[in-house]
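These notes concern the structure reproduced below.
Should a chain be cited, it is by its letter among A, B and C, assigned in written order, with residues numbered from 1 in that chain.
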Amino acid sequence: MTRFLRQMFTIAAKDLRSELRTKEAVNASLSFALVILLLFSFAFDPTSDMTREISGGLLWLVFAFAGVLVLNRSFARELNNDCLDALISSPVPGPALFLGKAIANYVLLLGIECVCLPIFGIFYNIHWTGQPAWLALVMLLGTWGMTVVGTVFSALTVNMRLRELMLPMLVYPIMIPCLMASMQLTTPLLASEPISGDMLAWVRLLVGFDIIFTALAVTLIDTVLVG
Amino acid sequence: MRQKILIGIGLIAAGLLLRNIWLMLTNLPDEAFQGAIFRIIFFHVPAAFTAFLCFFASLISGIAYLRTQNLKWDAFSVSVTEVGLAFGAANLITGMIWARIIWGIWWTWDWRLTSMLLCWLLYAGYLVLRRAVEEPTERARLSAVMSILSFAVVPFVFFSIKWFRTQHPQPVLYGQGKMDTGYRAMLYGNWVPLLLFAIILIAVRMEQERRQRELDALRREIHAF
Amino acid sequence: MKALAVESVWKYYGDYPALRNIAFDVEAGQCVALLGRNGAGKTTLLRILGGLSRPSKGGVRLFEREHSDRSSRALTGIIGHGIAVYDELSAYENLKLFAELYALENPHKAAMEWLERTALDRVKDSLVREFSRGMRQRLAVARAFLHHPKLLLLDEPFTSLDDRAIALLQSLLRDSLAEGGTVIMSTHQLREAMELASHVVLLNRGGMAHSGERTAEMLADTGWLYRNYGDA
């Protein structure tokens, strides 16, 4: 068990180190996020009350669009020099490999989100600090759901031609329940309203989504990686 | 023999369908609020049933493929998914026609419509994934995984979209709760021929898949030397 | 002791059998040259032995253990077509990474030892991206030998290497064989392979054409094997 965890964190540390060294995905993702934030301002009047009503949705659209750029690279970066073969033929169990990569993606995604959130607040005049604990929880849960789905599909499509073109078509429909729950929860939080009553159902949905897809991913990853 | 059975099933399905249409037009009175167009529900609802039955079959055959490594399960999986998509499309289109006449709009983001559209996209994604993999065994393995993941998300889709939409105003829907028994009998009665048609389509598609595999093996045999 | 037992392995791509009923045993200490034309199934077989692919039928046993057992992976070392090291990490980081993944006692020591043996200790903190071709190849060799594998699987090892890396690889292979290690290599370079090999396995169209000891005729005349067992 401790060996499993050590191997998992070794993979996560390796991915983070090489990403932070090249910053390929992070730079692309952050600049894309900025572009989307700018584009939204043309789609509607950014000062109106409507902005407040759809703020959660906007924020998670930014996260989802920018996040997939990072997730996309996760297994693709192993293709260079056939590194993926070296990892699969090593004693590292598939689930440790998967979870290690997922953790690295999770950290990167959360980092990008933490940069986007204040920018979003400034551009659209939204006070996002009203419910910091709840907002953090929703971001942690929602981002993990996105990460797990994205990382699985990154593994699933790693050897396919036209991977980049195909991935959005596969990933977003699966992510929708997770994104929808996060959007629903984030909108009142950005208006500094606490989560209570009916809204807790969305938190349960997020937790359920995270658990089921993590379990499925861990179960299926060996099937995905070894033909 | 196989072909004769399929033609037999087809004849039965066509006979049932003609009888049902005849009964719908002559025996069942127009619905009080909706008039003649309500009859589309006898195709709309069974199409949805068939589509979801197909998607479920795709999940089962995906799991069966991963267990047995038998490519027949993969052929079954792709066949039912395609037929499921066809019936899903029939469901969406009949729904839109109905909505246009009753509500005056082609589309509304009602939770049922939205869920069906999303499921349709999910399984369209399955077909996109298949087209991207060239080697049949790898394709079977990866699409089985895709099928499992897709089906796992279906309940989430339904619950989330239902919660989402019930918090928002929506057009009042048909009162399905108090449907007349005559209508209900016709609803299920018309499912039988549609299901039979689905079975024929699946059988034809599976045969195509088998030939495709044979061709692929021959092509590999030639290219190997 | 039996290092490897290939038990009637079949591999299908769709309905096409790329490997048909492959069966042979390798005793510890043997060096097997895996021969055959392009498309005969050498790479497919090596990928199955390395755990990168699963046989459709039949099985593989490594040192009397089921191959599906993950712990048996620690016993194999693989050199494939790619160099399998990360361009954006330094030489030291690469070796330490793999030492950690193989759960070696002292990853730092193992990494340093192999940097020295491959004469890369001078540049240990430079990124692999900045390395010359030969340096990258030596690092790839170090990566494969790092965890002292008892079974080495080499796919066309001599084709992409430069002279210095070939010399390094050959000397490491000889050391490994002398210590009772086992080597299986697919190759086109018949002469280099025959000099090292104690046994040969010849594949033809996915089937076994011949398996047995490497005889003197094979060393003297590299075409002998194909003429006698292949479909020349």
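One rule holds for everything that comes next: a residue touches a chain if its C-beta (ideal position, glycine included) is under 8 Å from a C-beta of that chain, and two chains touch if they have at least 3 such contacts.
Keep in mind that this is a model prediction, so the values were computed, not measured.
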| item | value |
| --- | --- |
| Topology of the chain contact graph, where touching chains are joined (line, ring, star, complete, other) | complete |
| Interface with more contacting C-beta pairs, comparing A-B to B-C | A-B |
| Middle chain, criterion being Cα centroid separation | A |
| Whole-Å gap between the CA centroids of subunit A and subunit C | 38 |
| Euclidean distance of C-alpha centroids - subunit A vs subunit B, Å | 31 |
| Separation of mean Cα positions, subunit C and subunit B [Å, integer] | 49 |
| Residue list for subunit B, restricted to those that touch at least two other chains | 137 |
| For subunit C, residues contacting two or more additional chains | none |
| Where subunit A touches two or more other chains, by residue | 227 |
| Complex interface listing, subunit B residues touching subunit C | 69, 71, 135-137, 213-214, 216-217, 220-221, 223-225 |
| Contacting residues of subunit C [partner subunit A, same complex] | 50-54, 70-71, 73-74, 76, 78, 80-89, 93, 97-98, 100-103, 127, 143 |
| Residue numbers on subunit C that touch subunit B, as the complex places them | 12-16, 18, 39, 56, 205-206 |
| Contacting residues of subunit A [partner subunit C, same complex] | 3, 6-7, 10-11, 14, 17-18, 21-22, 80-83, 85-93, 226-227 |
| Subunit B residues within the subunit A interface of the complex | 66, 118, 121-122, 124-125, 128-129, 132-133, 137-138, 141-142, 144-146, 148-150, 152-153, 156-157, 159-161, 163-164 |
